[in-house]
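This is the structure, below, for whatever I ask next.
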Amino acid sequence: MAILIGVALFASPFVIYRANRIVAGEGRMLFDALPPSGAFAVAAVALGVALCGALIRTPLIRLAAASVGLCVIFPAVGWSAGFVAPAGNTFARVSPSLGFWLLALAFALIAADALTRLRLGPWARLAALAAAVGAIALLLLSGAWTDLSLLKEYANRQDTFWREARQHLWLAFGSMMAACLVGLPLGVLAHRVRAVRTGILQVLSIVQTIPSIALFGILIAPLGYLAAQVPLLAALGIRGIGAAPAFIALLLYSLLPVVANTVTGLNQVPTAVTDAARGMGLSVRQRLWQVELPLALPVILAGIRIVLVQNLGLATVAALIGGGGFGTFVFQGIGQTAIDLVLLGAIPTVALSFAAAIVLDAIIDLTRRGSS
Amino acid sequence: MSWRSFALRAAALLLLVLFITAPQLFAFAFKPLTINDAPAIYNQGSLLALTLSHLRIVFLATLASTVLAVGLGIFVTRASGSEFLPLSRSLVNIGQTFPPIAVLAIAVPLVGFGEKPTFIALFLYGLLPIFENTLTGLTEVSPQTLEAAKGMGMNPRQRLLQVELPLAFPVILAGIRLSVIISLGTATIGSTVAAKGLGEVIIAGLQSNNVAFVLQGGLVVALLAVLIHDGLGLAERMAARRLGRHLDEVS
Amino acid sequence: MIEIEHLTKRYGATTVVDDVSLRVEDGTIAVVVGTSGAGKSTLLRMINRLVEPSAGRVLIDGEDTMAIPEDELRHRIGYVIQGYGLFPHRTVAENIATVPRLLGWDKRRIAARVEELLDLFQLDPAEFAGKFPHELSGGQQQRVGVARALAAKPALLLMDEPFGALDPVIRSKAQVDLLAIQRRLGTTIVLVTHDMNEAFQLGDRIAVMDQARLLQYDTPAQLLTHPAEAFVEQLVGTAERPFRLLSLLHVQAALEPGGAEGEPIRITDSLRDALSRLIWAGREALPVVDASGALVGRVSVKGILAHGRSVA
C-alpha cells in the first residue's frame, strides 16, 4: 500500500492538462500541478496516511487517516485544475490523472479495509454513506471542482444531464417496481404449486442468460409490430426502439431474482411456525400476510437488492437503443473519444449502484434483526 | 437428461450452426421486417467469422480471469494471505456494483478502440464471480475432511491439489459460467468500441434502422448464451453429482 | 510402545492439557475418557502433532516424535475422527489408498492392499471399491474410515470418537468388529470417547481425564474397585459398578467343580452374561462347557456374586 502511494506521489502525473477536450493531454506531476506549499502539504498528508496504513493496526485510526487523505486530495485536484489551466482559457481541460486515481484507490482501500474490520451496524453504515454523500455534495456546490474537465462537461449539458438522470432512475426503479408487482404474486404462486415453480424458474433463468443488447434487439421487432398495428399503444409512446423495449427487458431481467428469492424465502419459513399458525386457526390468507411474508422479507429484499444494482447498471445499455439514461453520455463519449463525457455517464451510474447496494444491505440487516 | 430436453438442445444447437453458416436459408423469415428493400440478412461480414471472434475473445478473457481469480482465491485462503481475506471480500462486493459497460467505457480512453478495451473489460469484470466462487468453494470444504487430510500426513500442497481444489471445483465452475455469460453480453457491447463480434450485427441494424439485422443479431447472441450456459451448467451438475451434492437446478 | 511424558498444552492463559504422562504397551488399546472439554482430543492430537505441545514429549518406540518430520510422522500413524472425514470426491478404493499413494507404493501393491482391507472389513470389493462415500451407509462409512487409517499398516492407530456418529445398534457391532480386527493385527490403539460403556468394552487400560488433568490411568477392574478420586467413581457409575466388573471377567474365573441341571454355559462367556442366564432360568447353578462342548464344571449365583464385590 505504501508503495502504491509512493508511486502515485512521485512517479505518476497528478492531473492531465489538455489544450482542448479532444486532443491528447500531457501529464503534470504533483509538484507541477500545485503551488509548492500545496504540493508539499498533499505529499505530507499522503505519506502520513501511508505510514498509518503500514504501522497502525487499529481500524478506527486507519479509517480516520484514510478519510483525511480523501478529504485532502479531492479538493486538491479541483484546486490544481484552477492552478494548471491558463486563466481565462475556456477550451483548456484539466482532469485527474493516474497519480490522483492511485491515491484515491489506495486511500479508499485502506478505508474499505478498516470499515470491513469495524463490522459496522446498519445505521452506522447508512450514516457513513450520508457523510460521504454530504462531503461530495459540498465539494460540488462549493465550486471547488468547477475548473475540472468533468464539471465543464456537466456545465455544457446541464439540462440533458438531469433529463437523462430522471430517465435512468425511471428505467431502473420503474422496472424494479413493476417486477415486484408481477414477481411477488408469481413467487407466492410458484411456492404453492410445484409444477408452476420449475416452469417459471427455468424460463426466467433462460431470459436472465440472454445478453442485454440481444434482448433489447429481440424485443424491438415485436414492439415495433405492435405499435404499427395498435395505434393506442403507439400513442402511449410504445415504439420499437426507445425506452419501451429497454423497460420491458429490465423488467424481464428483474423477474428471476424477485421470483426465485420469494420462493426461497417462503421455503425457509420453518414448518413448525406455519403449523403453529394453522393450529391457531389463521386462514391461508392470514398466514401468508402475517407469518410467511414477514419471515421471508429479508430474502425477498435480497432479491430486490440484486435487481436494483443490476438494473442501475443495465439501464446504461438502454441508450444504445435510444432509451436514454446515463448511457447516453457514455456512448457519446466513446464516439467522441472524450473520456470526461464517458465519466460523466459512468460515475453517477457507479455511485448510484454503490449507494443502492449499501442502503438495501442496511435495510436487509434491519429486517433480519426484527425477525430473528 | 430426458429424451425431450436432449432433443430440444440438439435442435437449438443445429439451428444455431445452420444459421451462422448458411444464413441465406432463413432470409424468407426476416424479409417481412425490412423496409425499402433493405437486405434481410447481415451482409457486411460473415456471421460465422463474427461468432468465432466473439467466442475467441470471451474464451481468452475468461481463461485469463480464471487463472488470476483462482490464484488470488487460493492466496487469500492460505494462512499467509488470510490478512487480505476480509478486504478482498468487500472489494468483490464493491466491484460487482460496477456495471460492465462502465468498465468498458473507461478502458477505451486508456487503450484506444478495438479488441483491447473489450478484452480488459471482460477480463476485469470476469474476475469477480470466479474469485467470489473460489472463495466460497475453498472456505466451504468441510473442516472434518481437512482434518482427516492433515492427520494422514498430506502436506499443504497435497491438501490443496488433492482435496481442496477438487472439492471446490463445482463451485468454481459455477463462477466461470457466470463470468462467461457476463462476458458474452459485454463482448456484444464491445462492438460499440469496434471489437469484432456479434454486437456488430445489432449495432449495424440500429444504425441503418433495419430491424431484421437487430433481431438476427439478438437471436444468435441469445441462443449462443443460452446454449453455453446450459452446457456449462450440465458439466457443473455432473461434477457436483460425483460429490453427492445436488446443485439447485436454477442457480 | 507409546510413552507420553509430561505433555502440556496451553492456549494463552488456559491450560487444556496439564502435565499428562502415560504409557501404552504394544498391541493394547488405551481409552481416554472424560467429559467434553476435558482435553482428551487435544491430548490425542498432540500424539500426531496436529497440535504442537507446549511442554513435554511423546516417544514412539523410544523415538521422540519431535525428531520426525510432521507429515512423515502422520504417514506412520493411523487417524480416525468422528464423521471420518472421507474425501467426498474419491471412491472408497481411492480413499483407502490415500496414504499408500502419498508414500509412493506401486499400483499393484496398493490395489492388493485395498482389496485385503475391504475383505477384512466385510465390504465386498466388487461392490464397494468404486462407490463414493455419499453412497454408503453410516456403518459402511465408518468401516472405510478405519480401513483408510490402517492402509499403510501403521503400528499405531489414533481414534477420536470413532463411533460417535453411529446409532446404538450399529455402534456395538462396530465396536466388536474393531476389537476383533485389533486382536488380529496387533495394532496399538489410543481411542478417545465420552462413552463409559465403550471404554469398558474396548479398553485394556482406561485414562480418565477431567479439566485438563489425567486423574487415573488403570485397568478397567482397578478403575472400578480402586477409583483414585470421587470424580472417577462418579464417572464409572456407582450403580453400574458390579455389573461392569462382572462383564470384565469370564466364567473361567468362577468355575466350580461338579455339575448342574439345565442349558450349559460356555466357559468363554462373561460372568455378567452367566448371571443373567441364571436369573432368567431361575436356577442356583448351571453346567459349564468348553469350546468343544465337553463338560468342565459348573457356575453358581453365589460364586458369581463373590466376584462382583468391591473387595474381590
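Note that the chains are named A, B and C in the order they appear, and that numbering of residues resets to 1 at the start of each chain.
As a convention for this text, a contact is a pair of C-beta atoms (placed from the backbone, for glycine too) under 8 Å apart; a residue touches a chain by one contact, two chains touch by 3 or more.
Here the structure is a predicted model, which means the values were calculated and not measured.
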Two chains joined by the most C-beta pairs in contact, as defined above: A-B
Most centrally placed chain, judged by C-alpha centres: B
Chain whose average C-alpha position is farthest from chain A's own: C
Chain centre separation (chain A, chain C; CA means) in Å: 61
Intercentroid distance (Cα basis), chain B paired with chain A, Å: 22
Centroid distance [mean C-alpha coordinates] between chain C and chain B, Å: 53
Chain B partner contacts - residues on chain C that touch it in the complex: 48, 50, 70-75, 79, 81-89, 98-99, 102, 132-135, 148-149, 158
Residue ranges of chain B touching chain A (in the complex, touch as defined): 33, 86-87, 89-91, 93-94, 96-102, 105-106, 108-109, 113, 181, 184-186, 188-189, 192-193, 199, 202-203, 205-206, 211, 214-215, 217-219, 221-222, 225-226, 229, 249-250
Interface residues, chain A side, partner chain B - complex: 109, 112-113, 115-117, 198, 201-202, 205-206, 209-218, 220-221, 224, 240-241, 260, 309, 312-314, 316-317, 320-321, 327, 330-331, 333-334, 337, 339, 342-343, 345-346, 349-350, 353-354, 356-357
Partner chain C, residues of chain B touching it in the complex: 142, 144-155, 158, 163, 166-167, 169, 242-245
